[in-house]
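You will see two complexes here that share chain A, one where it goes with chain B and one where it goes with chain C.
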Partner chain A sequence: MNDPTRRRFLFSTGVTSVVLSACGFLGATARYLSPNVLYEPPHRFPIGSPEEFPPGTATFLPEHRLFLFNNPAGFYAISSVCTHLGCNVRHIVGEGFACPCHGSRFDENGQVVHGPAPEPLAWFGLSLSPRRELVVNTRQPVQPEYRFRV
Partner chain B sequence: MGRTIFRVGWPRTDKDRAAAMISSLVLHIHPAKVQRHSLRASYTLGLGLTSAYLFGVLIVTGVVLMLYYTPHPLDAYRNMKDLQFVVTFGPVLRNMHRWAAHAMVVVVFLHMCRVFFTGAYKEPRQFNWVLGVGLLLLTLGLSFTGYLLPWDQLAFWAITVGSNIAGYAPGLGAEIKYLLLGGNVIESGALLRFYVLHCVILPLLAAMLIAMHVYRVRKDGLSAPPAAEPPPIEEMAPGRFPPSTRSYGLMALADRPAQPVVESEPDDEVLTWPHLLYREVLVLLAVLIALHAAALLFNAPLEEIADPTRTPNPAKAPWYFLGLQELVSYSALIGGVLVPTLLVLALVLVPYLDPVPRGVGVWFAPERSRANRIFAALASAAVALTLVGMFFRGPNWAWVWPWTP
Partner chain C sequence: MRTPQRASVRFHLAFAVLGVTFLAIFSWVFLKEYLAEWRTTQAQFDQLQRRVKDPHALSLAAPLGEIQQIWLPDLNRVDRCPTCHLGIDDPAFVSAPEPYTTHPGAWLRTHAPDRFGCTSCHGGQGEATDFRNAAHQPIPYWSDPMRSPQLIEANCGACHRERRPRQAVWLEKGREVIANAGCIACHDIPGFSLEELRAPRLESVGYKVRPEWLRTWLADPKAYLAQARMPNFRLEPPEIDSLSAFLLAQRETAPLDSAGIDWSKADRDRGRTVFGEARCVTCHRLEGRGGTMGPELTTVGSKVGRAWLFSFIKDPTHDQPGTLMLRYRFTDDQIRDLVAYLTEDLIDPGAPQASSEVRYVEPALIERGREAFVRHGCYGCHRFSGMVDLGKIGPSLLGIGDRAIEAADFRNAAVVPSRPNWLFLKLRAPDTLADQSRMPTFNFSEPDAAAAVVALLSIRRADLPVSRVTDQPRPVRYEPQGTFGALVARYRCLSCHQTRGWGGELSTVPLDRIGSQLQHAYLVSYLQLPSAVRVSLEERMPWFRMTREEARTLADYLAGVFVDDSLERPVPLDADAARRGARLYQTLGCRGCHSLGGTGGYVGPDLSDSGRRLKPGWIEAWLSDPGRWKPGTLQPNYGLKPEEARSLTAYLMTLSTDRSGSTP
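And now, the complex of A and B:
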């Protein structure tokens, strides 16, 4: 009854079990909070036939948050999401891009000129669908030399 | 029947009033008697009390707002328009909730300054200061999560910027942001998460912390200069009730023929009812009048519906985060994560970095002038950065003078 060693052993076993099960529960809850399936916009999507973007134009596609350029070397797509904190940058012809939130500036290739943005604007890979539509893939980062010819 | 609810009835003598203070759950948040020092409006400025009242108003108005609100991008904004234009007294309740929330940020901050400048965080109240820092963070968290709910442009872009700052936290930043938004974009999942945080999780945490905070104030008594503090336990004569009014039973006030309690009390203690209680009711009245006036005179803003494709220029965070946004416009990692984390850490550690129990219970004690100056410098820097963000930043976050159109 009064064996202190036994009492201590039982006590610490009890406390350890309570702590372990609490940790297990908290861990499971933390994992539960992270969703497995997202009902978010797809990362590959068609934006229209190449003819809709005449040569020499820069088109802002607000619903996809990107700019599509068509210059003599081919098509390319630059994200409009500022790499600082996610505002939409505006395109200023001949100058590049400007962000309204904290004043970051980017050149025509999306490289940071000045401001708090830590990285250049993202470039996305392009492809052509069987229905001859331009398709953007936001999971396919490409370099600023990238041009897509149809 | 009244006696089954209120055991002492409406008290007509001091003894009955003291009995009411002790026997009622609500009233016994107070001691039966308090020091005159702690009644002085110039000491506490009633700021802690006002914070608690504002929290109460926010709970009441918030719960009734919930009855007209659906946390979904397709409904939320329409619900706000309904509250504004269709629901009878809808604008009043919405305005009250909004202005009380803004006021709470200001008042809690001022309460913290009061506690610092009176040295009230020193022994034995160190941990209550830490609880207070938790309450400050919860107050900001409640305001921030509530900001998204109207689903207008102001809301959407403030939360875009805010949640991306979280993404800069070293190591777990991306995970924190993913958990906060329940995904990668601000959409229905994010709105639901902010709603649950704002209406359930954070208010519950805040209510629990406020209970602990106030309980400790009750147990430790309000801070006072050493002269007004009760003598340590050893000095008390056996058989005599301690002159302190912190925790004791009714015996202290019962008539004991041999030794009238009144004579052994220090002169500077007075009965809580009426002296403190009536002052508290007065502050409540002032808070309610001010909030009603604000709610009737000024409408809470509601901009156009959230449009993820169009960033307003400039896109500003809620005003109490504009200091942070100003820092972030220099560097997201240093300004958005490092500086705030260090500041919070420093705040938490204040009572342990400055443990010498000197200059407690008076404003700006000369013995504490160094600590007070450091704190004043940091607090003014925070206020100054916030003002710069509010009034001196225009389109593209460029510097503007507030008086130039």
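And now, the complex of A and C:
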């Protein structure tokens, strides 16, 4: 092999690897922005067996900041975090939710009725653990038609 | 022209090599991330769950493709174990292999993983997501590897601080070993207090023991008595000389005067009878039989002097104010006979003979003895006036469960340098770990030492939030006053009986509601002359020889104060009910355990005299639910209807032995 060929070969190998490495570096940097896991409360957590929530009730779970409803159609969970600045909203039976901080109002489905809140309250997906406990998944947003049947 | 060309080739070569190296490094980073052990483990679990579970239930299973973690800020723990242990909470995986298998037992029901995590109980490195770094086995640079089944109870003990935690037998046993061995005398140990310590005071020991015995005892207490509490301090002969000289010079309180006693009249056989009647064996062991609360007496004659023993039996508190020993109401003649029996019949024929020569003891020797006494921390157990504030001789054991252990701590290279091994050796043979160790040799058996290791490992440095800790309330000292109090102190009722959680554990009968359980007249006669209710028991109430007045005072107080109002209710007793009760007594098979008039079983108390002994309200309440009054009792709960319990009560209240007169 003469020198120009060898040089060309080495040069293209070098360029390819550097380009690939640079892409890899960018990829790794991008991947770094979404870590596998953070020090934070879990997004899936058990809240107790379905029997602890009698039919027709709304239960406020302060440590998880959500309301659990048990309707004839099934269970559903609505976040109690006001979409304005994050106060806990209050549930008023038959009326919906009211935020004590700046007066936002939401209907029974968490849709904004009026007030500074820009978005409806979040709804979370539910499932049942093998030990028959209701599990809330805050990373699974669901529509207000959502009902979970045990 | 050749040289620049060469240089250019070299430059290209370097460029290519560097580029490939970069590429290799980044490929490695990517492979490491995407071929991580936990991803493979989860993929295998996915296949497994498709086989094990029905397809509809799959959505319920743990989500795959991400790291699962339990974050417990208050315990400072992040446990990622559920990333691989995916089936622990799901009964469908009972027979699945590790790491997918269901958690055994009902532990997850009482210790929900999302509240307690995994490493709080199991140890190991919770942050790790691969098998090795999780410290399933010991690894370098992680001092807290996963606990083996033998040691796991140590982690129970970090939160469960009660002396007797439920379902943790090793931990419970270990704490008992620590309490009995008196470790608290030399070390501060959280959860243990000096009040538990029992050792004689030595300010007047010069009057008490025989010099020959003292030397044998100091050389090796276990040689005199296998169950001796005192450990072996590995004393050299010169130390034994000086220590015994020092101890024999301790003569603070002279024994009570026994000069007027005519020892030639002593009758050893009568003494033996007194010994038996007083039921000394309830607390003292004699030739392998009897209790262990007091010292063993098989060879007591070779140990203590006659004059001291006379004085001690006459008034044990004379030189031992805190003793558990009661003060019998013996006559001087009875004491004389008893002492003669103890000092002449109960001797060790092999014991060294007393030398009759009187030797001059130099003060310097006594002074050296005092130094040895302090150096070995003898004052830790044997409280000694003048040495109260010397402090504990050993280091505090707070955080012993986290003590850093290095290979250099072991002189024996054959032992794996781990914390449990170090503790085990320290307990079993302290002199094999360091030449200068002052820790005495306790001769713990292997199981005892292993249990104590578990209990010690449970004493961690980092303190837990109060909400995580369970403990039992410490019993409050109960010291009644007045005439009743004086009698309780004299007869040392609380050496054996408990009330309000305070007192000894020898008796199975707590006094809290005794006044509602027993009839007053029976109490008076029983206190004067205790007759055995459970003949199968060796440990029975002693015969105090108390006066009628004293018995009446005690019974009055017990009947007035130690009561439970819920038991003080009238039970209608009629002959019809009694007849039904008698039939019930047969059908339930009560006679299997209880005896009536000499026939029947011996497991439960004799019921022949229950009509004069027990109060009906108590019988009824007891029969209705024995476990409520005495957890763990052998008496079965028959689930009697109220009517049946009442009939049985009526029947039992008709039973009475036909003795004339109710007083002995």
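Just so we're on the same page, the second predicted complex is superposed on the first by the 113 of 150 C-alpha atoms of A that agree within 3 Å, B and C clash if a C-alpha of one lies under 4 Å from a C-alpha of the other, contacts with A are read in each partner's own complex, and residues count from 1 in each chain.
Criterion: contacts are C-beta pairs under 8 Å (C-beta built on N, C-alpha and C of every residue); 3 or more make two chains touch, one makes a residue touch a chain.
What you are looking at is a predicted structure, and each value in this text was computed from that prediction instead of being measured.
Colleague: Under the stated touch criterion, which partner chain does A:V18 make contact with: chain B (first), chain C (second), both, or neither?
Modeller: Second partner only.
Colleague: Determine, under the contact definition given at the top, whether A:G103 touches first (chain B), second (chain C), both, or neither.
Modeller: After superposing on A, A:G103 lies in contact with chain B but is clear of chain C.
Colleague: For A:L10, is the partner it touches chain B (first), chain C (second), both, or none of the two (neither)?
Modeller: Second partner only.
Colleague: Taking the superposition on A as described, I'd like to know which of chain B and chain C A:P130 touches: first, second, both or neither.
Modeller: It touches chain C, and chain B stays clear.
Colleague: Which partner, chain B or chain C, touches the larger number of chain A residues?
Modeller: Touching more of chain A: C.
Colleague: Which partner does A:V142 contact after superposing on A: first (chain B), second (chain C), both, neither?
Modeller: In the superposition, A:V142 contacts neither chain B nor chain C.
Colleague: Under the stated touch criterion, which partner chain does A:P116 make contact with: chain B (first), chain C (second), both, or neither?
Modeller: Touch status of A:P116: first partner only.
Colleague: Go through the superposed model and pick first if A:R65 touches only chain B, second if only chain C, both, or neither.
Modeller: In the superposed model, A:R65 contacts chain B only, not chain C.
Colleague: A:H84 contacts which: chain B (first), chain C (second), both, neither?
Modeller: The first partner, chain B, only.
Colleague: Based on the A-chain superposition described above, do chain B and chain C contact any of the same residues on chain A, and if so which?
Modeller: Of chain A, residues 39-41 contact chain B in one complex and chain C in the other.
Colleague: What part of chain B is in contact with chain A in the complex they form?
Modeller: Residues in contact with chain A: 157, 160-161, 164-165, 175, 178-179, 182-185, 187-189, 308-315, 325, 328-333, 395-398.
Colleague: Chain B touches which residues of chain A in the complex?
Modeller: Going through chain A, the ones touching chain B are 33-35, 38-41, 62-63, 65, 84-88, 90, 98-103, 115-116, 118.
Colleague: Would you tell me which residues of chain C are touching chain A in their complex?
Modeller: 5, 8-9, 12-13, 15-16, 18-20, 22-23, 25-27, 29-30, 33, 57, 59-61, 63, 66-67, 69-71, 78, 80, 89-92, 108-109, 112, 114
Colleague: Where on chain A does chain C make contact in their complex?
Modeller: Within the complex, chain A contacts chain C at residues 3, 6-7, 10-11, 13-18, 20-21, 24-25, 27-28, 31, 36-37, 39-42, 44-46, 127-131.
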